[in-house]
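Got a structure for you, written out below as structure tokens; questions coming shortly.
Note that the chains are named A, B, C, D and E in the order they appear, and that numbering of residues resets to 1 at the start of each chain.
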Amino acid sequence: MAKRRSTADFVLERDDYKCIRCLACVRVCSYGANFYDERENMVFTENRKCVGCHFCEAICPTEAIVVQHNPLAIRWNAHWTSEVVTDIMKQAETGGVLLTSMGNDKPYFTYFDRMVLNASQVTNPSIDPLREPMEIRTFIGKKPLSLELEESEGSVALKTQIAPQLKLEVPIMFSAMSYGSISLNASKSLAKAAQTVGTYFNTGEGGLHKDLKEFGENMIVQCASGRFGVNVDYLNAGAAVEIKIGQGAKPGIGGHLPGEKVTEPISETRMIPVGTDAISPAPHHDIYSIEDLRQLIYAIKEATRYKKPVGVKIAAVHNVAPIASGIVRAGADFVVIDGIRGGTGATPKVTRDNVGIPIELAIAVVDKRLRDEGIRHLASIIVAGGIRKSSDVIKAIALGADAVYIGTAALVALGCHLCQKCYMGKCNWGIATQDPKLVRRLNPEIGARRAANLLRAWALEIKEILGGMGINAIESLRGNRDVLRGVGLQEHELEILGIKPAGEAW
Amino acid sequence: MYFNFTESPVPDRDFRVPSGCGVVGIMHQRRRLFSGETIIKSIALMRERGNGLGGGFAAYGIYPELKEYYAFHMLYDGTLEKKEAEDFLRERFEIVEDEAIPTRRVKEVKERHLLWRYFLLPKEEALIPFESEEDLVVDTVMHINAHIKGAFVMSSGKNMGIFKGVGYPEDIGNFYRLDEYKGYIWLAHNRFPTNSVGWWGGAHPFGLLDWAVVHNGEISSYGTNRRFLESFGYRCTLYTDTEVVAYLVDLFVRRFGYSPRTTAKIFSAPLWQEIERMPSEEKQVYTALRTVYGGALLNGPFAIIVANSEMMMGLNDRVKLRPLVAASMGDFLYIASEESAIRTVCPQPERVWSPKAGEPVIGELVREPEVQKIY
Amino acid sequence: MVRVNASGLHYRELNAIVRELLDNGEKEIELHDVCGQRYIGAGLSVKDAVIRIYGTPGNDLGAFMNGGKIEVFANSQDGIGNTANDGIIVVHGDSGDIIGHSMRGGRIYVRGNAGYRVGIHMKSYGDSVPVLVIGGFVRDFLGEYMAGGLLIVLGLEKDEEGNVVGNFVGTGMHGGTLYIRGEVEDYQLGKEVKAEEASPEDLVKIRPYIDEFCSFFGAEPDEILSERFLKLEPYTHRPYGKLYAY
Amino acid sequence: MRYLIIGTGPAGIAAAEKIRGLDEENEILMLTSEEIAGYSKPLITYFLGRKVNEDRMFYRPPWYFEERNISVMTSTKVIEVNPAKKLVITESGEAINYDRLLIATGGLPIVPEIEGLNPSEMEGVFTFTQWKDSKDVAKYITDNDVTEAVVLGGGLIGLKTTEALLELGLKVSIVELSDRILSNTFDKKASMIVTSALQKRGCNVYTNDTIVQVKGKKKITKVVLKSGREIKTKLLIIAIGVKPNVGFLKESGVRVNRGVVVNEHMETNITDIFAAGDCAEFYDPRLGKSSTIAIWPVAFSEGEVAGYNMAGERVSYQGGIPMNSVEIAGVATISVGNTSAEVENVEILEYESDKRSVYKKLVIKDGKLVGAVFVGDIDRAGIYTGLILQKVDVSSFKDDLMRDDFGLVYLPKEYRKKLMEGELKVWLE
Amino acid sequence: MVKGMRKKILVKEEYCIGCRLCEIYCVTAHSQSKNLIRVFRYELGELAPAVIVEEREYTTFAVQCRHCEEASCVRACITGAMHRDSSTGAVYVDRDKCVGCWMCIMVCPYGVIKRGTGSNKVASKCDLCLDRELPACVENCPNEALVLTEVNE
């Protein structure tokens, strides 16, 4: 039997005693997995339709539902895993490229988890961040190597003109997620949270929805290969412009928003007709080389009258350091490096799971390379790709980043349960969907509150750790690899990371 | 550059030794020379602040006859190292005079090193790759300290010298016969390293050119500061957090020409909330200073006294985690960790004050007929 | 009218001068002795402004342009009208590669020939339909990824092999229309496009642009239209619908 | 300053409440010819039917007036108003001065001319508009072992009285002049449903008929109908309607048509004299005509408007529409607005379910809903009332109006938004 | 007319997800046991939610008594059962006074007054759960499509 029914990835168990037949689970499942049998007066689930998003579980008022992995989906095999077998089946059926969403879920080493932080004991005091000043404000943009000052009796004047900067009250921004890949309510949530906290969100390459214009001061607009919605007004609408070359989840490839997702409002922001594919070419067709990148950077600077920082986002790949160096030398005011764990709305699985390098290593080599070349001050380094918690932020900054972008973590704050089915457009949590029935499930007021809470919580934790180290300004953490020690890392990895093994003193 | 710690010749040089300490600085702002006895007395009062694993002094104005030459105080493990260093020095300098640094036998000080001093004149041809004479000297110091094993430059300025070693400072002072020297600025340091092994080179003051720094506390931002300095060509080889202070002072005051006060405001930058309250022009300056020189922000607890031939400055961290007291009496300016250390040598100063967190105490030489300046 | 001598000016200086003039209400600017200065007219949004350029402007001429008119009395280089939204660019000479890249509105007229990837990823939205007219021949990848707008190649001059277009014409095309005056072999076409002879209605549709072309460069519209035009359109707006396994 | 209010019905009470809300200082004096104030007139049938006891008769409890510092004089019948002197004269000859006067005297029952009938002399014949009537009827039934009754008038009061009598176990015959009961508000179908429900409970309904003669000496024994039918009965309730109680204004100069003519501020032609409720006749300047709608919500709203204006706040009345809700023989019914199909250029939407005894009808004129009838299923009827009162153009969602699940979700978003935000003011503006 | 702060439930229809949890929590809050499962098993017959969920295509929202400032139901009530509480500003129905004439149902433009079910055939409507900190429907709305606000009058 060549053709077979696929095996359920999840099993939904419903406690019939607790089930009160309120049918909330039936009403809310966008995949139609739950149904009610009137004759039996019972609620059932078609397990194969369940994607494991846990929405019904979350909404069930009596905790009658538990979603579990199907333990025996495929006979256990360390090599021929259930995932591998299922994928082969799907491809045998369709002959197509496997799509997936969100970030790489493979058990590659997470270096963040192999690095530990330092704290003060005796020789210098820890600082109590709740009562003493603890500064984490960060500026993103090109800095001069030195400042020319004019000093006279008791007064100092600045002669050097500082390039435009982004001012971050927390060194965390929301990474590029287009309206289209996520819902407008999701975008609004992040925009409002960024405004509340004093940081930035990124439009992604989907253009600018009119409802987001009011958040311009906290917005980075992205210019990607598809140039959707890009015009001079768009470039000037935000506080900075980001040229997207690559993305951690899909280095080296383009993407496209299928025509059926190009609805009326999406068409308005992308400035393309309803129902046509929105194709983002793999390269920018005006950038075939580094000097072309410089050309685009300066075209944008000209169009925005040098009033906004212009940055470049790349995926972390093997030669990320020299590439970053080239980008800085091409005139970028900030470089964004997106690691192999970076998320996406849709990507070929083969790319997501296999291409790129972990962000931790990329930060270390890029920061080192820029310092070695004496150009570290010319651009800020923003890192992204699987930043999960405040300690990841701290470690990233200690390795040399100026700030981080979070995407997946922000979406999780909005409700995402990482079911990795964004590309289906049926997100029950109202995040990765344009279905008006589903979009409304994300109340942007709640979303903004939760996303802002996350940043607030991380900021507090960062301050806590800084205080523990006896540092009261984030400047003193940046590139301070002395505060990191490796645990269980090989010597060469330690060398790349520029840190000592745990146990070694200064 | 990331250092390779396996190559270091002296085991205890491998580590940046966090330490608690006592500091004193005394300056006569009209260049009147006074004996080292004063500062020894002062630092000795704060014996409790040290543990006998490091003490040292910097003295300005001690070599008036040879003030045209760079005075190098060197520390050698042995004669082989001495020869190697001297060969290198000769490539770049004419050695005008050299001799062993006079010491006397003191039972508390267990001498481990060969101590030598040189008076050097840069060779014309050696200057070619450098922007200035000073850069040549800095490069020479960096080179010896980084690459000549068993040789260490304690000080390299004109008409000044640093005397330091493992022991309590009064013993070290006695050992170096400092009672026989006269200077117009004296710095002293009493060290309490948490590492059990003290190393002569790791004692304070730390010097470069005519800069000398004594430091109480710990620079928690050391890693960041070091990397900041690396982008300006400084190589931190000693792994004592104090050295970054010396290099940073050299960078901002000598190379950039900033005033000591502005430099202090980079080290102990105002809080953002203070900057927000400043008038717009000032705000712009301080925002720029923090934004551009964030890597030079000295974080963690510290009280430092830094001096050169022209001035002496005391500074502590932004939230005042280490003690610092200043006093003045006539042309004398005193800065110390404890008021008693001042009172013991100047019982009735005209003014005694504790500087605010991050506010420098700056004493500059008075050029007649100008009035002395104390900020 | 203001004349600016661009000789020896860096593009930043030159463009700053141009912007300042425009900001002060100047509507007519002549730039003389231009040689390689990039981004002239980048982001130009003054609807009734005219910039006349004497000499060869640098790349990205009129990038992100949003109105006004730029006229070049020489050849132009690569990337003119990059991601433009509106406005007119007229080139009294040849042009380089990727002209009209991602253009969403406005019109570009090139009297002579143009290079590779002409009109790549051109798109249209609502009332704004970009139009690109090339007088002579173009190289490969004409209208690659084209998603909207109107691309017209008149073939008044032919390339070394006697072709008016190169290979891979309209590859990945999923919107808009290409008109080519002259012959195109099947192998020259991308797999996403279909070609047919332009109908009289089509010719009526493109007539205004031919007229405008002729008004700039002094040719005879009827004569141009008397020859056969090919019309190229994509098979589908969704070329990659079946590529994926869900 | 004294506010004087004649009448303690809904109009009078609403006015007094409003005045007190706006003016805490000045005196409010209310007069009623009845012995008791603050009870609810519509409840007298419920009282008769023993669904409501004496305590629950009070629409506003007795302590209510005292608590709000409102004085009430009961058993005080006004017989004359003298605007020149700003006085009212009572039956007992007392003169009470006022600064602002509200006439809210309500209606008087209409008693037709019937052979043999002199209600004041014949026992067993009652009108039914006051609590006293209800008590008298109840006592009469007990005292005389009444088992059968005739109700003249198939209107609202008649039917509610019937309902009460049925509750008491009496056999009731209804005599109605027109072709159907509730003819003012209901069409044939609606009337039929109610009629058959009444019949099921053993009630006789005689339509196209009336009483032409009453027999009996001291007490009534029989009625003779126009059709010739004779019905033995010890009890006749006359419930053919009310007329404005305005006789005492004859000499006052206050303009009276059928009722006291008032403008949108409830002002009469004479300064400081206002009128509201069943005794008033509202001249709607927008329609250019005047009418009296003798229903509770209208009386209450008019009273509020009068109260506002008497206390010095300029508020206009939007005009009411007839509407009524009554549950008869277990069938809930609601009718609102103009429910007759006879008017020209109207569109009728109907829904009927025999099984459920449900009937609904909507009347649309010029794209707007003007009337609605609900029998059996009255859930969410108020939404339609709102549409009628707000004169909402329903053309865009006409097809949804009769849906089973019709609700706010089918309303135009703008209207719904206003409604949800509470911006709409029904009745007053 | 009551002056001062008045609690009001805002209906944010653009965020209602149509789960109808407000209904079951309303019922439960007004039940004997106050326990969802027990209510479902033993008490459902006597109870009806005072919140009504409307649905049409993707638009859904829950609506309950608006506790209008100028409440039509209070005007139309012939018994005084429907009244505005002077301390809370909320509109209540006194179930003992109500005679079930349905005048209130006739005039409520929101259609949120119901005829009581079971043995209690009097008008039934939202009481704002004033015995709780938050109305049950508001507290349990998973998307904050129902929000309690205070309006100043």
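By definition in this document, contacts are C-beta pairs under 8 Å (C-beta built on N, C-alpha and C of every residue); 3 or more make two chains touch, one makes a residue touch a chain.
Predicted, not measured: the structure shown is a model, and the values here were computed from it.
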(request) Identify the chains adjacent to both chain B and chain E in the sense defined at the top. (result) A
(request) Could you name all chains that are in contact with chain D and with chain E at the same time? (result) none
(message) Of all the chains shown, whose C-alpha centre falls nearest the centre of every protein C-alpha atom combined?
(response) A
(message) Let me check something: if the centre of a chain is the mean of its CA atoms, which chain is farthest from chain A?
(response) D
(message) Just the number, please: Cα centre separation of chain A and chain C in whole Å.
(response) 37
(request) Could you put a whole-Å number on the gap between the CA centroids of chain A and chain E? (result) 43
(message) Counting only Cα atoms for the centres, state how far chain B is from chain D in Å.
(response) 102
(message) Centroid from C-alpha atoms only, then distance chain C to chain D, rounded to Å. What do you get?
(response) 79
(request) Spell out, as numbers or ranges, the residues of chain C touching 2 or more other chains. (result) none
(request) State which pairs of chains touch, listing all of them. (result) A-B, A-C, A-E, D-E
(message) Which stretch or stretches of chain D touch chain E in the complex?
(response) 14, 18, 21, 40, 42-43, 46, 51-52, 56, 58-60, 296-297, 300-301, 304, 323-327, 332, 334, 336, 378-383, 385-386, 389-390, 405, 407-410, 416, 419-420, 422, 424-428
(message) Quick check on the complex: what are the chain E residues that touch chain D?
(response) 1, 8, 11, 13, 52, 54-56, 59-61, 63, 66, 68-70, 72, 75-76, 78-80, 96-97, 99-111, 113-115
(message) Give the list of chain C residues in touch with chain A in this complex.
(response) 11-12, 15, 19, 38-39, 42-43, 45, 59-60, 63-66, 78-79, 82-83, 85, 98, 101-102, 104, 117, 120-121, 123-126, 144-145, 147-148, 172, 174-175, 237-246
(message) Show me the residue ranges of chain B that touch chain A in the complex, using the header's touch definition.
(response) 1-2, 5, 15-20, 194-195, 217-218, 220-228, 230-231, 239, 256, 258-259, 262, 269, 271-273, 281-282, 284-285, 288-295, 297-301, 318-319, 321
(message) Which stretch or stretches of chain A touch chain B in the complex?
(response) 120, 122-125, 127, 132-133, 135, 137, 139, 143-147, 149, 151, 156-158, 160, 162, 165, 368, 371-372, 374, 376-377, 398, 469-473, 475-483, 495, 498, 500, 504-506
